[in-house]
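Below is a structure I'd like to ask you about.
Naming follows writing order (A, B and C), and every chain is counted from residue 1.
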Amino acid sequence: MQSIKDRVAIVGMGCSKFGERWDMGTEDLLVESTSEAFEDAGVKSEDIQAAWLGTQNQMSGQILAQAIKTEYIPITRIENFCATGTNAMMDACFAVAAGIYDLVLVAGVEKLKDSGVGFLTGGGGQPSAQTAPGVPPPAQFALAANRYFYQYGLSYEEGKQMLAKIDVKNHYNGSLNPKAHFQRAITEEQAINAPMQAFPLGLYDCCGVSDGSAAAIITRPEIAKTMRDDYILVKGLGLGVGAQQGSLRDYYDFTHFDEAVYASRMAYEQAGVKNPREEIDVCEVHDCFSITEAITMEDVGFSPRGMVKNDIDNGFFELSGDGPKVNTDGGLKCFGHPIGASGIRMIYEVYKQLQGKADKRQVKNVRLGMTHNLGGQPGSFTGAISIWGTRD
Amino acid sequence: MAGITSYGAYIPFYRLGKDTAGWGSPIEKPVINFDEDSITMAVAAGMDCISGGDRELVDSLIFATTTSPYIEKQGAAMVAAVVDLRRDIATNDATNSLRAGTQALRSAVDAVKAGSAKQVMVTAADCRTGTPGTEFDQTSGDGAGALLIGDEGVIAEVIDSYSVSDEVLDNWRAEGDGAVRSWEDRFVLQTGYLSVMPEAIQGLLKKVNLGIKDINKAVLYGPNPRRHAEMARQLGLDAGQVQDPLFGQMGNTGAAYSLMQLIAALEGAKPGQKILVASYGDGADAILLETTDQIANFNGKRGIKGNLEKKRIRKSVGVRGATLKGLDGGGPSASARWRDRESIDRLHGAKCLSCGLIQYPPQRICSRCHTKDQWETVRLSDKPGKIFTFSLDYLVGGVDSPLAITIINFEGGGRGMFTMTDREVEDVQCEKPVEMTFRKLRSSGGVHNYFWKAMPQRFQGAFQGIA
Amino acid sequence: MAGSIRDRVAVAGMGCTRFGERWDAGAHDLIVEAAYEALEDAGIEITDIQAAWMGTATMSTGMSLSEPLRLQYIPVTRIENACATASDAFRNACYAVAAGIYDIVLAVGADKYKDGGLSGLTDGSMPGPGHAMTAGATGPPPAQFAMLATTYFDHYGLSFEEGKHMIGRVSWKSHLNGQRHKKAHFQREVSMDAILNAPMIAWPLGLYDCCGVSDGAAAAVITTPEIAKRLRKGKEPPMFVKALQIAMAPNDGNFNTKFDYMHVEATVRAGERAYEEAGITNPREQISMAEVHDCFSITEAVTMEDLKFSERGKVLRDIEDGFFDLDGGLPVQPDGGLKCFGHPIGASGIRMLYEMYNQLQGRADRMLNPGQPSRQIKDPKLGLTHNLGGGPAGCAIFVGIVGLEGA
């Protein structure tokens, strides 16, 4: 087994404005993100030899061909819940690293605001016996929050305040980002007193629902060199897919997510990262719920087990903090979660930070950036990690 | 000797009572929750009845009710599966009459006497709705009883029985009717109840050559307390001879009423006592039983007494008769449900023969050691459990808001995610004990879809026989 | 320019369930059945698998594979690409191995259709345009593919009887092959008379011109050539991957007036690229056998021309001459095709590869129904598989070529 490290480069990226895009359909969103990516890379759609599309709701890769009118190139559709976008990037990188294609487009898209509901639903799928409890995502993640509070002896007030600080940080970061869905800072009191969705998660502990798309142009480093100076390089790609261990094994503790642990281990090994708390400069994590971000800080090795509250209280993950800057663009909290797009939207932020083009959100001296996705529910996830760095 | 070898009962956890807003009566009335019906209650009574016993010995199950959820589809087959009885048994529904319970008991005794079955489980359940505010609503209750009939380990022998069949329009409910209809009160009583039930009782006493004073306990069907008392007087029974009809606590539970009263009588009975059971509905049944020495050592059941004690009073009347509708209007996939019937109906988990981990639902490949297709079945429905973690969802609950979702760890191993019912918000906490209860999840596409839920542990030991 | 996959990746083990109305088996059971046959065939354990790809049209995420097999946090990617789903899962897995990222991976395809309570696929299986629900206007699949037939008959001056007989013989041949195969859904020969007189579904396509709906799964263990040869030492040889091509049409057939409704352009493109990738110059001569996407008999007929097995407008003669029969010059659908296996979308592409694999290894008679003549093709060297997902006017096409080492 070989590492993917430094074998693939990103030479252009695009990201649509996220939000309630009543004016835009799936194809329009794809056109918006890919046009920016083509322009950024200085290539045309005819130059693309193959594409990978990450989407949860669209069948087959055809929608991308339809939207940007590619001529009979291979387009693969990948779906892996919330890891969809990152997984599409991963398979595209493998094909480039294998030398099959030189210039590949990776796009992620989701149009969620045509469904008429304000939140994400469980999603239909196979005809089934319909005996599984219809548990919406907030209730699934509340399972982790309640057990985390219980295991580490946090009172409701202590736990709730820890989560609120995450909401406040991400909303502040989002207020600096013109592409975010929500661009408004909030206070701790607002977060704590918001209507309860699934105890103990309130409105501001949950990410929103939005439309969006993001895209990347990838190639081999030799070719990237001829295209631009500030391309970025892949350092590690990890994917950990669960198998319901959490419900089948009565010893699973609900206070950590193995899928993310395994995925980050794979990615760190490829990237040669030994001490993520010290080495990672910026990190976009899957804050579908505030508790997810808290637990993820421990899963990916930023905080010791059971200790994330200290780091949160100390502002360690804030733009002005001493640790990895987490969700510098506002995260899912402010971007919402158009499923297929999120992973690539995260890579877009890391790309901009590595290039020093993140404007008001720019972190100093960024060398290594990371993204994290988690799809499913506690006990059964698909987890993805990608690590990116500047060229040496 | 054929007779009763075990019994069990179920009375809903929640009651309407004097502290219930909107009820306006001091009478306590057990009422089904939105997710219960006659099938779920019959299951709970059957689980109590068979607890600590051997399911392998049961050759037949009868389900008696006037409120079957289906017009065409047998209730008994479902109850038998969910209680986890054998597959090669006879099942039968006794229905459409308030006498369905005692008729089922007679059939069961006949089968055992004839040798066609070693043991027969009789379950009876009803949840008849009356118009709110009427006398019917005040005196009726929801509940279920179960009796195991056999010829070994008999606690009460069935001595003899006598029946009268009578065609009269006194009480009825046509297809599609919500509430029971009846003809003028005095006509109903004089030509029906007060003349036909005594006819059956006298017929039985004559047949066995006994007088009414020889009876130690008379279990009498009665539509309400007044008529029940009138019947006792007319038969010449002393107060001490009459089984408490449990009006004001349990109420008239329809087709299950006579059997549930009989169970209450057995709970207080000593060896060698003669018990008369009389029921009414399109005729009358009279059955004579005599308790044996074995009744002195019989225990471990929730029964009527336990079920009446372990109760909660509803804060408000709430929506009565509401069920959760499916979101999509489509029912479950029949073939998918059929394939998973063991894990859905019987709540069977599987224990890996290689590493011993119990997993629910049953798997092909072990989650821990990867052994393929090497399993032993484990029934989880009767096991106590604890809430490992939970959430309370305020978005989707509907009549059940906040929806309590729990991860349950079973005593002895195994885990599952279940919604929690019959609970107050304060019951839903990490490490609180629970038991499993079979409930109706939702009705959609013409299908009543049932599955197990967790509820606060009502009895220590769940359904494995109480201490 | 793009590189080639030729001989860089090999298949060391394969498995395939019996296809059909598998009331006894859920998707998980089907997956276990197929995957374990593949693992046993390759002589490896489930824990040897480093990553996996899952092709399925109906189930979400890679967890649809990790759950039944209880894979422990390894990467599992779910691919969906209309009817090319399974083949594209296979393709993505091959690239990861070719890149050296993983040494041994598993590709599985599966779909369970017979829990829906319907006896046919609905038009809901077609990729939507991403706008409002206007997709229904293009009609259900038989109606869409019937347009290929009506246009083809008209253009080449075939009478209804001539055209109907031509496509009828396609189905007749597939049923004859399917009759010999133990794992087929339909294992029965059907007479030409029955085919020609069957109820009309979408004129001129009758019942036997359409494939059925069934449940099934298939799996492949993919690895490097070195490991494949080591694993199969002393056994039948591994199967080598020669070409993997996808062509995604821009779905403009219904508004581009240049589209002729007599061919599928994406098949032509994918085929040409696959031949180039595999170094094939004369497919009619060099390809030993093929499994193509005969969702309808007319699709198979037209595909023979698109893949250059027959000259344009000349497929009728090849079909009537028996060129594509099991004992013909280029046997097509040696296992009976979609016609006899039905079309559990996620499984079909790998099911086709399974037939190539067994034929290449000389093991085709493992699946022979008792009393039937041998179904083994003589000394095959190269096999082609083809999927068409969508409709004639816009579709995802896969063309893959596999063969023995050095072929």
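The rule we apply is simple: a contact is a pair of C-beta atoms (placed from the backbone, for glycine too) under 8 Å apart; a residue touches a chain by one contact, two chains touch by 3 or more.
Since the structure is predicted, the reported quantities are computational estimates derived from the model, not experimental observations.
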item	value
Fewest touching-chain hops separating chain B from chain C	1
Pair joined by the larger number of C-beta contacts - A-C, A-B	A-C
Chain whose Cα centroid lies at the greatest distance from that of chain A	B
Interchain centroid distance [CA atoms averaged], chain B/chain C, Å	55
Centre-to-centre distance between chain C and chain A (centres being mean Cα positions), rounded to whole Å	35
Where chain A and chain B are represented by their mean Cα positions, the distance between them in whole Å	51
Contacts with two or more other chains, residues of chain B listed in rising order	333, 336, 340, 363, 367
Contacts with 2+ other chains: residues of chain C	69-70, 115-117
Where chain A touches two or more other chains, by residue	126-128, 243-245
Touching residues (chain side chain C, partner chain B) in the complex	23-26, 28-29, 32, 36, 45-47, 68-70, 114-117
Contact set on chain B toward chain C in their complex	333-336, 338-340, 363-367, 370, 372
Of all residues in chain A, those that touch chain C in their complex	1-2, 4, 7, 25-27, 49-51, 56, 58-67, 69-81, 83, 87, 90-91, 94-95, 97-102, 111, 123, 125-128, 238-245, 258-259, 261-263, 266, 375-376, 380, 382
Residue ranges of chain C in contact with chain A within the complex	1-5, 8, 27, 50-51, 57-63, 65-67, 69-82, 84, 88, 91-92, 95-96, 98-103, 112, 115-117, 126-131, 245-252, 265-266, 269-270, 389-390, 394-396
Partner chain B, residues of chain A touching it in the complex	119, 124, 126-136, 138-147, 150, 195-199, 243-245, 247-250, 252, 254, 379
